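Two complexes come next, and they have one chain in common, chain A, joined by chain B in the first and chain C in the second.
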Partner chain A sequence: MDSAFTERRRRDLIVAIALAAIAAVVPLFVKNVYVQNVMVLTLMWGALSQSWNILSGYCGQISLGHALYFGIGAYTTVLLFTKFGVLPWFGMLGGGVISAAIAMALGYPCFRLRGHYFVIATIVIAEIGLLLFHNWDWAGAAMGIEVPVRGDSWLKFQFPRSKLPYFYFALALACVAWFVTWWLENSKWGFWWRAVKDNPDAAESLGVVVFNSKMGAAAVSAFLVAVGGSFYAQFVSYIDPESVMGFQFSLLMALPAVLGGIGTLWGPLLGAVILIPLTELTRSYVGGSGRGVDLIVYGGLIIAISLARPQGLIGLFAFKRPVRSPALERKEAVQ
Partner chain B sequence: MTAEAIIQSLASGLLMGLLYGLIAVGLALIFGLMDVVNFAHGEFLMIAMYATFFLFAFFAIDPLLSMPLVAAALFVFGAVIYLLIVRFAMRAKANAGMVQIFSTFGLAIVMRGLAQYFFTPDYRSVTNSWLGGKTVSVAGIFLPVPQLVGALVAIAAFGGLYLFINRTDFGRALEATREDAGAVALVGIDQNKVFALGWGLGAALVGLAGAIMAIFFYTYPDVGASFALIAYVTVALGGFGSVFGAFAGGIIVGLVEASTAMLLPPSLKSVGIYAVYLLVVFVRPRGLFGSM
Partner chain C sequence: MTAPLLLETRGVWQRFGGLVANSDVSISVGRGEIVGLIGPNGAGKSTLFNLIAGVYAATQGSIIFDGEDVTKLPAAERCQRGIGRTFQVVKSFETMTVIDNVIVGALVRSTVMRDARRRAHEVLEFCGLSARANVLASDLIPSEKRRLEVARALATEPKLLLLDEVLTGLTPIEAQTGVELVRKVRATGVTVLMVEHVMEIVMPLVDRAIVLDLGKVLVEGKPTEVVRDPKVITAYLGDRHAQGA
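Up next, the complex of A and B:
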C-alpha cells in the first residue's frame, strides 16, 4: 500500500481527535453565553457544510437547495414531538431517513441534469418545499410552531438554561460529519465520486455506476443535513418556513466549504471557523437595525476569497499537500 | 369563473410574461456569450428600479423618459462589473464554475447591503407617473397600461436585439465570440472588449425592464431576489444562451403564472412556474431551445 496516502490519512485522524479533544474542554473555560452561542453555531454550520460537501464537493453536484433537507429535519422533529409526543431523538432519525428518501426520489429525475440546469432545479425544488410549508395549516403554515419548553431534559433534548449540552451535541455532529467524510474519502464511493466530478463520461466508460454514486452521495448528504436541521429546531425551539427552509440556509451551507476549500476534508470546518464568528461579530457590532453593513462585509469577503483563492483557504496550509490517490501513485511508481 | 375572466387573466399573464422575457434576456445573452450565469442579475434589476425612482423623486423625470438614461447607466455599470470582477473570476484555474457562481453571489449580497445602507430598507414607489394606475380597454378586456407599455418595450427590445446581432459589426463579433472565443482573438477582435460590451448590453436590457417595473412595483433592497429566480427559470426554460428562448420562456412563465393563480391560492402561484421548469428539463435537459 502507498505509505504517503495512508500516512496522511492517519495524520488527519490524529489531528481531528486532538482538535475535538481541545474543543471539548474550551467551554469549561469560556463561560460567556454569547461566545458559547457562536461556538455552537460554528460547529453546527461546520457539520452542515461538511455534509453538503459530500454531494457538492466530492461528487460535484452543486446543490443550492439543501435548505429543503434542513427544513424537513427540523419540521419532522418538531411536528412529531408537538403533535404525537414522539421524542426528538426519534424525530431526528426519522427526519434523516425521510430526507434521504426524498433526496433519492428527487435525484432520480434530477441527476440527469447537468451544470446550471441542475443548480437551478435544486433551488426551485427547495422553493416549492418552502411555499408548500407556507400553506400547510396543520404544520403551522407561515406562523410556524413553537416547541413547548418545560425545563432541562436530555430525554426531550431541550435546555433553556444552558448552552453546554447543545455545544457537545454540535461538536459530536461535526465529528460524525467529519468522520463519515474521512471514511468515505478512501472508500470505493469516494473514488467514484471524484471520478464523477472530474469527468462523468470517462467515469461511466470505466465502469463507475455514475447514477448510483450520485444517489448515494445525495442520501448521505441529505441525512446528515436533516439531523443538523432537527438539532437547530431544538436549539432555537421555534421554527417557521422562512427560518429553517429559506434560500439563505442553502447558501450558508455552501459558503464555508467554498471558502475553506470545496471537495476537501478540512475545508468546510476551516471555512466555518472563519466565517461564522465573523458573521456573528459583524451582525452584532456594525449590523444593528438593518443597516446592511454586515451584508457588505460578508459579500465582499465572498468575492475576495473566491477571486483570490479559488481552491479555498485550505491551500494556505503548508502541510496540506494535494490529495494523491493510491491509484495515481501506483501509476507513477510503474513509470 | 367566466370565460371573460379567464381571458382577462391570461392577457395580463401574457403582458407580464413579455416583461419577464425582457428581465431575463440579459442573463441569456451573457450566458450565451461566455457561459457565465450572473447570480447578481436580480440586483441589476433592483438598482435600475432605484435609479428610476430617484430620477423621478429628485428631478421629476417620468419613468418613460428616464428609461433610456437608466439603460445607459446600467450599460456602464454592467461593463464595469465585468472589468472589475467577472474578468478575474473567468481566469480561475481551480473550481471555475464555483468561482463564477460565488463571486456573482457575493456581488449580489454586497449590492443588497449597499442598497440597505444608502437607501434604507423602506419600500419606495413612483407615484403619479404618466402611466401608473391607468388601464385601457381592448375588445372588452381591461389591460393595465404600465404592463402594456412594458410588453411593447419588450417586443421592441427583442426586435432591436435581433437586428443588432444580425446586422451590426459588433453583433457579429458577439456571435463569433460566442461560437469560438479563441479563433476570434486570432482575427484581431479584442475578446475582453466584446465581453465587456456584452455585459453592458445585458445590463442595459435589464435596465429597460427596471424602469418599467418601478412604475407599478415597489422598489426595495431585496426586490431583485424574487424576480431573479423567475429570470433563471425563464432562461433555463428557453435553453441557456438562447436569446429568443428567453423571449419564449418569458411568455410561457407569464401564462403559467396566470393560470396557476386561477387554480391555486395566490401565495402558491410561483409553484406552477417551478413545476413547469422541472417538467421541461426532465424531458429536455437543455431547455426548450437549447442545443443538445
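Up next, the complex of A and C:
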C-alpha cells in the first residue's frame, strides 16, 4: 500500500549499512594517527548530535544543556573505575541510566516551560552541574581525575598504543544512534514527538500525552549522550569539569544537527562529517596563534547555511523530504 | 430526545478571572445525534467546547461522557475515551505530510504502525483527501486543512466528534461538501456536536440546536423552532429571520 514509504526506509537502511561498511575499512588504508583521531571525533560527535536530535530535533525541545549528560556519563565511568574498580563497560551503562534518570527528574519541572524559556533552563542547569563538579572534592574538583592506564585492554577499554579500537567503538556508537533514530522514526514515539514539536495542543487533542512524550525523548537522548561521554573519558583518559561538561560541548552537539538538518535522520551525521574535520583542521593550522579561528569558521558556516538552506544541508538531497513547495521554502527562509 | 445520552454537562461554570465564560450550562447530546451549538460571538461556545474536550477543567459542575464523569480528565485521556475534536483555527502538524498527520490520530487505537497507517489511509479516503496523502500539511489549501482536521479526529475513532466551525469561511460548494461529510460521519455511528456560524448551512443539517448567549443556555430545540424563538432572534439571528417568522 505504502510502497514509496517502505521503499525509502529500506533505502535509508541499505545506505547506512553501506556507509558503515566503507567507514569500517577506511582505517586499514589511513594509518596517519592524526587523521584517525579526527575520524574518531567525527564519529563521536555525529553520534552525540544524532542523540541530541532525538529530543531537540524530533521532539522540538531545544536543549543547550546536553553537556550535563555528557559529563555525567564521563564522570560515572571514571569515578566507578578509579574508586571502586568497576569496569568502564558497566560504568558506561550506569552513566547512561543515571543520565536518563536525571533528564527525567529535570524534565519534570522544565517541560512545563515552552520555547526560549526551556532553552534557558537547560543552559542554567548544565552550568549548575558544572559548578557542582568544580567544587566536588571526592570527584577531583577542578583538578579532575586521571584514568590509570596500564596497557591495551578491551576489558578496561583503554588502548594507549592504538586509535583503532576507539575508532570502531565510535563507529558502533554512531551506528547505534542512527539505528535507534531510524527505528523510532516509524514508531508511535517518533510520530508523537513530531506532533508535539509541530503543535502540542493538537497533539494532546489526538490522545498524545505531551508530557510523557517529552520525558521519553529526554531519557533516550540523555542515555545515548552519556554513553558518548563515557567513551570520550576513556578516549582522552583524563577528565576535569571543563573538559567534559563545558558549555561548548552542548553547542557542539547542536551544531552538526543544525548544519545538516535538524529533525532529520541524516542531518546530524552529515553535519558532523563536515563540521568536525573542519574544526580540527582550522584548530591545528590556524588555531595555535589566533585562538578562536575555528569558532569564527563555525559562525560563518551557520550564517551561510541559515541564509541558503534553512532546513539544513540535507535539503540538498531529495532523500527524505516529500515534495517541497516554493511557498514553504519562502516561509522557512523568512523564519 | 429518545436516544440514550452520550454526553451531558451538569451545571458547568467556567470563570477566567472575573470573566464568567460559562454559567450553569447544562446540555445533553444523545447517541447518534447531530447537535448544533450556536450563539453570537462571545457567547461561550468555544469555552464549552474546550471544557468538553478537556482543554480547561470546569470551575464548577461536571461533565458526563458515556456514563462516566470525565470532568477532571486531561484532554489526551478524553480522546482515548472517545471524544474527538477539530480546532476553529486549524492546527495541522505543518512539517508532516497529510498521511502522517492522520497517523498521529490513528495511533490512539493501535500502536502497531502497519495498522495505524492502514487506518489513516481509510480515513483519508473517507474524507476525500487520498490524493493529497503525501503532501506536506502546510501545502494544503484552507478547505483541505479543515478536512484534514476532521480526518485526524476521525482517525481516533471517536464516539463523539466536536466540530469547531469547520464550515465557516468556505465557499458555498466547499461548505456543501463539508455538510455531506458530516452526514457521512454520522451515518457511521458517530455523534456530532458542532459549533457553527453559518445558519443557512447548519440549520438543515442538525437534529437539534442549542443556543448560547452570554455564557448561558438561551433556548434549545428543533432548528425550525429555535429559529422562530423571539429570544434567539433578539440575541443573535437578526431582522431577516424575524420577518421570516
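The rule is short, and it goes like this: the second predicted complex is superposed on the first by the 315 of 335 C-alpha atoms of A that agree within 3 Å, B and C clash if a C-alpha of one lies under 4 Å from a C-alpha of the other, contacts with A are read in each partner's own complex, and residues count from 1 in each chain.
The definition used in the following text is that a contact is a pair of C-beta atoms (placed from the backbone, for glycine too) under 8 Å apart; a residue touches a chain by one contact, two chains touch by 3 or more.
All values derive from a computational prediction rather than experimental measurement.
In the superposed pair of complexes, A:Pro310 makes contact with chain B only, with no contact to chain C. Judged by the touch definition given at the top, the superposed model places A:Val26 against neither chain B nor chain C.
Once chain A of one complex is fitted onto chain A of the other, the partner contacts of A:Met143 are absent, as it touches neither chain B nor chain C. In the superposition on chain A, A:Leu113 makes contact with chain B only, not with chain C.
In the superposition on chain A, contact of A:Ala4 is made with chain C only, not with chain B. More residues of chain A lie in touch with B than with the remaining chain of the pair chain B and chain C. Contacts of A:Trp192 after superposition on the shared chain: chain C is touched, whereas chain B is not. Once the two complexes are laid over each other on the shared chain, residue contacts for A:Gly207 go to chain C alone; chain B is not touched.
In the superposition on chain A, A:Asp294 makes contact with chain B only, not with chain C.
Contacts from chain A toward chain B in the complex involve residues 62, 109, 112-117, 119-121, 123-125, 127-128, 131-132, 134-135, 247, 251, 254-255, 258, 262, 290-304, 306-307, 310-311. Only residues 31, 37, 85, 88-89, 92-99, 101-103, 105-117, 121, 221, 225, 229, 232-233, 236, 240, 265, 267-268, 270-271, 274-275, 277-278, 281-282, 285-287 of chain B touch chain A when the two sit together in their complex. Chain A meets chain C in the complex at residues 1-2, 4-5, 186-188, 191-192, 194-195, 197-199, 201-210, 263, 322-325, 327-328, 331.
On chain C, the positions that touch chain A within their shared complex are 53, 55, 74-76, 79-80, 84-85, 87, 91-97, 99-100, 103-105, 107-108, 111, 113, 116-118, 121, 134-136, 138-139, 152-153, 155-156.
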